[in-house]
Amino acid sequence: MARLIRNTRQRAVSRAPARHLVVCQHDGRFDSTVEVAAISDLIQQKDQIVWVDLQNPRAEDLALLSDEFGFHPLAIEDATHPHERPKIDAYNGYYFLLFYALRYDAAQKRISSQQVSLFIGANYLVCIHQDPIAAIDETIRRWQRYEHDFGEDVAELLYHLLDTIVDEYFPILDALIERVEDVEAQIFDHFRPESLQEIFALKRELLLMRKIVASERDVLNVLIRREAPVYPRDMVAYFQDVYDHLIRITDSIDTYRDLLSSALDAFLSLQSNQLNEVVKTLTIASIILMSAALIAGVYGMNFEFMPELSWPWGYPFALGLMAAISLLLIAIFKRRGWL
Amino acid sequence: MARLIRNTRQRAVSRAPARHLVVCQHDGRFDSTVEVAAISDLIQQKDQIVWVDLQNPRAEDLALLSDEFGFHPLAIEDATHPHERPKIDAYNGYYFLLFYALRYDAAQKRISSQQVSLFIGANYLVCIHQDPIAAIDETIRRWQRYEHDFGEDVAELLYHLLDTIVDEYFPILDALIERVEDVEAQIFDHFRPESLQEIFALKRELLLMRKIVASERDVLNVLIRREAPVYPRDMVAYFQDVYDHLIRITDSIDTYRDLLSSALDAFLSLQSNQLNEVVKTLTIASIILMSAALIAGVYGMNFEFMPELSWPWGYPFALGLMAAISLLLIAIFKRRGWL
Amino acid sequence: MARLIRNTRQRAVSRAPARHLVVCQHDGRFDSTVEVAAISDLIQQKDQIVWVDLQNPRAEDLALLSDEFGFHPLAIEDATHPHERPKIDAYNGYYFLLFYALRYDAAQKRISSQQVSLFIGANYLVCIHQDPIAAIDETIRRWQRYEHDFGEDVAELLYHLLDTIVDEYFPILDALIERVEDVEAQIFDHFRPESLQEIFALKRELLLMRKIVASERDVLNVLIRREAPVYPRDMVAYFQDVYDHLIRITDSIDTYRDLLSSALDAFLSLQSNQLNEVVKTLTIASIILMSAALIAGVYGMNFEFMPELSWPWGYPFALGLMAAISLLLIAIFKRRGWL
Amino acid sequence: MARLIRNTRQRAVSRAPARHLVVCQHDGRFDSTVEVAAISDLIQQKDQIVWVDLQNPRAEDLALLSDEFGFHPLAIEDATHPHERPKIDAYNGYYFLLFYALRYDAAQKRISSQQVSLFIGANYLVCIHQDPIAAIDETIRRWQRYEHDFGEDVAELLYHLLDTIVDEYFPILDALIERVEDVEAQIFDHFRPESLQEIFALKRELLLMRKIVASERDVLNVLIRREAPVYPRDMVAYFQDVYDHLIRITDSIDTYRDLLSSALDAFLSLQSNQLNEVVKTLTIASIILMSAALIAGVYGMNFEFMPELSWPWGYPFALGLMAAISLLLIAIFKRRGWL
Amino acid sequence: MARLIRNTRQRAVSRAPARHLVVCQHDGRFDSTVEVAAISDLIQQKDQIVWVDLQNPRAEDLALLSDEFGFHPLAIEDATHPHERPKIDAYNGYYFLLFYALRYDAAQKRISSQQVSLFIGANYLVCIHQDPIAAIDETIRRWQRYEHDFGEDVAELLYHLLDTIVDEYFPILDALIERVEDVEAQIFDHFRPESLQEIFALKRELLLMRKIVASERDVLNVLIRREAPVYPRDMVAYFQDVYDHLIRITDSIDTYRDLLSSALDAFLSLQSNQLNEVVKTLTIASIILMSAALIAGVYGMNFEFMPELSWPWGYPFALGLMAAISLLLIAIFKRRGWL
């Protein structure tokens, strides 16, 4: 069983290749070969929007980045260490945002998370991450295709990126919900001890997912409430939309965690019910068999003077006595409601 | 077992026919044949109140609507996607409100919810929903009949609509409460394992209903507290009234959820009690029968020198011994309080 | 088992006779025959204090009342419908207050509640209720007797009424507490399955009482905190006193609910302990009896060549063997701590 | 089992003798024979500090007090009725404070509480209590001995009194903690059903102690936060110190209540584990003994043609068969991990 | 089992030798032999930073300290008494801070805590502790080596000290997490009753650690939020970093406590499941063996007229009957799903 929080404080050894994609919206052209060193000049031009995407960066990339943008050393450190806790920090002139893309491994039935570190300035967006992240590629692709839909604004880029990341949570949530409902149905339809392990696995996954989504919700809340010098006021409705999605997800998770707890209670009740049934069977069968055996035992005694033994109908009488007592006991158990 | 939240993110395929009822209070006449395109002119007249009711709208209806009223695209999206979470958003010049009508299927013993999306402007009210909703039809009917009771105000229309929707919650709540009390009585009166399934089904329904009602309560709270430019101040008492109803419902749900939990605890205790009883029976019967069988076994031994075997009263003596030991055991168990 | 919330939304059919007592403090005279229609004149005189008590009012009484005082229709509706939720609403010029008198039926061991609706104006107090309420009669009697102690103030009248109502909660609480402590003592002293039903009945009663008292506490809090134009500032200490009583009651209820939960846990543990004891008895007795029976069985075999069978001391040897094995088993069980 | 809240609303019949000690710091002299009636003159002198200690006061003492100091009737009532709830009320010119001294009866293993009512004025401190309270005597003794350490300030007197009361909580807490740890160790070391009763008794005592201490913490918080006209600003650090002690106590109580809950869970698990062990023993022994008995039964059958019966080694063969089957069964149970 | 809170209110008898290290940054020289009495002169020089480290101080050391720095007596008392509760108090001109270093004893599998008391002035830092604390030595060593990295600021020294202390929490947390995951895996892979004790030990350690870390988090929060005259504004990001670490630790602890609770539930379910299995085995075996024994008993009866007894195939017939009934029973149990 792997760790829930896999990478606390140790630098994860990532096998993804380093990629240094610099995308800048300069007269409609997207350039993935811009020199890192040229960035500081680019962002001087206030009408430029620059998106820098660093995948699995080396130390020297980070150093350059730090030089070009003047990021705070603690923010750089946060960006390159795994955290498992979304957050937003306001620095002088830019925000630092930690967000998480989620991936569901249907075979292993496990969620894994990928950290995306974002530096959000007035006219730039810097993404740092270890592994390839579908939502980033998707957002860049859509930006390139529908450029004028995205407006001229970093906030809008950010909205599209976060929205794409969060949209990918829904199918994962749906997969978990389906499993919860399967396990729930299973419990009442055909009770199997294996359901227990599934309940606990689901509890674990929902707990992991909730922890990340709830923190992201708090981050979005900060983005919405704060007097933000970084994005125009009318973007609020858009971030509110992402926020609503996150609330809906945590609400659903809470509801399904409640249902899982109910399912566990039901499982335990049914288990205990089954024990009752087994013990009842044991009790009924034991009492009947022991009573019959006692009669057999009595007529197996070796006393010289046992008149029944020489009766011609002695043997059938004994068998009949056994049957009669068994029927009597069954009647008693029926009256008690045990049968 | 169907989903609690049935439609998350997928567009529900509704079979209700599209209906485009435009009702406008224009010199006391209600017109269901007004052209959609004429609405923008109507709402220019400040002394008009316009109620637009769109059932199961097509994409082109929505586009027209958006053109005529200038609604925000995100609000339109919210109005046409299923959510399971009531909310209120303030836009420039209007509110967007999500509310839910509930229906109780007495045969299936399940609650289902129907989303009502409302756009509330200074002199218009736009309802969008998929299925026919009784409360809307009822409100329109009452508006038509008692027009002057409704005043000249959108807020009053809104109050009547929300009040009608919420009033329909009470019989549903009563049906659930009756089931809770039935199951509670059942547990102590005649214990049946089936009660367990009913307890969990009720927990589920109350959870679903509470989730919706509690969010609606929050929405009403916003309506009451907020400096609302949309309705006159003296409407507050009316919305307060709906708010009170919603609080009463959530309070009752919480109380009955507490009672259900108690009932489950009682069920488990009684189940465990029953196990105790069964095991006691088993123990008492086993010990008595085994003791008697041991005596029979002893006199069934084949030793040559067993004086009792040749006693004339040996056989009755053995039977008497069995009876005596049984009575002794019964006395012991009685003293222990097991009988 | 009757409903916790008996009357939600249906008008209770009350059998108490209608009574229309109008009490007014007009030059020290109490008049129960004042015409309802004369009230509006009376309350014009600012130096008058008017107490109107309507028991089980008819619709026409309410209509008159509404005309004379000009109460809001929603308040009138609240006053005549059963609610089970204390509340306070500020209207223009008066407060509307819902409070509950409690009665404990010692035979049935159940609490029942009676709604008192109060309209509190600058110089009048209107009570509406269905059944006769002891606290109201008591307060009026004391007002008549010690008139000058009550001051010249509606707030003081209100304080005396609420204080009398709340004072009647204490003996009810004491009765419940006594039952909690009885059931607690019972569990450890002489365990009986009936304790379970008593625990759940008490949980139910405490839950009901807490729900009402906690809401009344919130209502008093509003009375104390709010800038109240209706009563003079120095009354705050008095209302604070009622508030303290209510807090003390909810605190006690919470403590005793905690103790009840503990008692239930204790009950279940003892029940489970008892099962352990029974099963231990079964195990010990079975093993001993079966071992002895096995020896008897062995010497009941019919082999031709069994030397022990022809020993003169064979029979005593067999019985001695049974005794020896039984003693050995008992020693083993003692060492294990089972005996 | 006595009541947790012993005296709710009934005046406790105290057997402690009435004592009317009036202590005043008048030019260094402590006078316990000052006439009550002289107090009003004393407290007029602003440079005087007066400590009035009334133990088990009679009604006329209270009346005098009320006259001399002009205390509010509700405060006087609160001071002389048992409450079980610490509180602070600000009156015009003085505070009224309810605090509780605790005493631990090591033999009975029960905590009892003693109410101390304090009126705190600018230059006086009035204590009212029923039973002798060690902390009060101790504080007065220290005041007399180290007079100049106490400063010239009522707040400092108050601090010393509260500090002495709270300091006496620590040994009580330590006694409870020791019992918690004993019971915890007991559970895992040598499981005894009696632990259960001790766990519930401890839960009860911790609950009682927490209820009082937590309310006192709130009272201190009010003393620290409030703009207090009664004591100088630099006293805050001292009251903060008492507050810290109370927080430390509630924190410890919470931690140990958590540990008690864990201990209860552990107890139940071990109890259930023990049941498993017993039932396993029963199962293993039954199956082995029944199998051997079956063989004995078979060779006890009376068929004429049973070849084994006439074998010379028939009897040893039968015994060997029993042994073989027993060993086989033991091997099977070992493989299953039951032995 | 030792105490969770070992030293409440009693002075711990420490065996660590007293050490009086005075470190001062005076023209780059670190001096551990500075006279205590010279400190007051040193701290007069505003450009000096003085770090005083007192290990296991004697009463006279503390008196001197108090004289030189003028610390408040309550702060001195707090510094020398064990507390188990981190806190921060603002005094006139300095902060008093209680923090805890943690140590994990891998052999005993227990966490122990060491109190560090800090007085933080404008240009001095005084540490008081009983035992040698690695983080302090480490911080001093790094300060000496990389002096100019530390800036000229007490706040930076403080940051480095707290950061070093908190960094040592992570390996301890990792050790606990590993144990949680081991015990979790154990439960489902090879169920052993010993897991129970490990679960409760872990709960205890996590509870202890959480209590300390959560209080330290609150302390850091005060440091960040408060208008702090003691350190420059740009240090906030650094303290924020320590705060984030502490939040991450408490979050992880909470998650793992949740998982432990789940693990306990799983353990209990599996235990109960095992009981079910054992009882099923008992039931099946008993019924089969008793049925066969009954047949043997019947043919062991001594009736004169039992035709089967003289059948040549009587014996095999009896054995065959036993086998047939056993197979029938097995078939029945299979159909019931018990086998």
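Some observations on this one:
The chains carry the letters A, B, C, D and E, assigned in the order they are written, with residues numbered from 1 in each.
Following the convention adopted for this analysis, a contact is a pair of C-beta atoms (placed from the backbone, for glycine too) under 8 Å apart; a residue touches a chain by one contact, two chains touch by 3 or more.
Please read all numbers here as calculations on a predicted model, not as lab measurements.
Chains touching both chain B and chain C: none.
In this structure chain D contacts its sequence twin chain E using mostly different residue numbers, the overlap staying below half. Centroids of chain A and chain C (each the mean of its C-alpha atoms) stand 42 Å apart. The distance from the centre of chain A to the centre of chain E, with each centre set as the mean of the Cα atoms, comes to 26 Å.
The set of chain C residues touching two or more other chains comprises 272, 275, 279, 282, 286, 290, 293, 297, 300-302, 306.
In terms of which chains touch, the assembly is arranged as a closed ring, every chain touching its two neighbours and no others. Beginning the circuit at chain A and passing next to chain B, one meets the chains round the ring in the sequence A, B, C, D, E. On the side of chain D, the complex with chain C involves touching residues 1, 3-5, 8-9, 72, 74, 83-85, 87, 89, 91, 193, 196-197, 200, 203-204, 207, 211, 264, 267-268, 271-272, 274-275, 278-279, 281-282, 285-286, 289-290, 292-293, 296-297, 299-302, 306, 308-312, 314-315, 318-319.
In the complex of the two chains, the chain C residues touching chain D come out as 170, 173-174, 177, 181, 184-185, 188, 237-238, 240-241, 244, 247-248, 251-252, 255-256, 258-259, 262, 265-266, 269-270, 272-273, 275-276, 279-280, 282-283, 286-287, 290-291, 293-294, 297-298, 300-306, 338.
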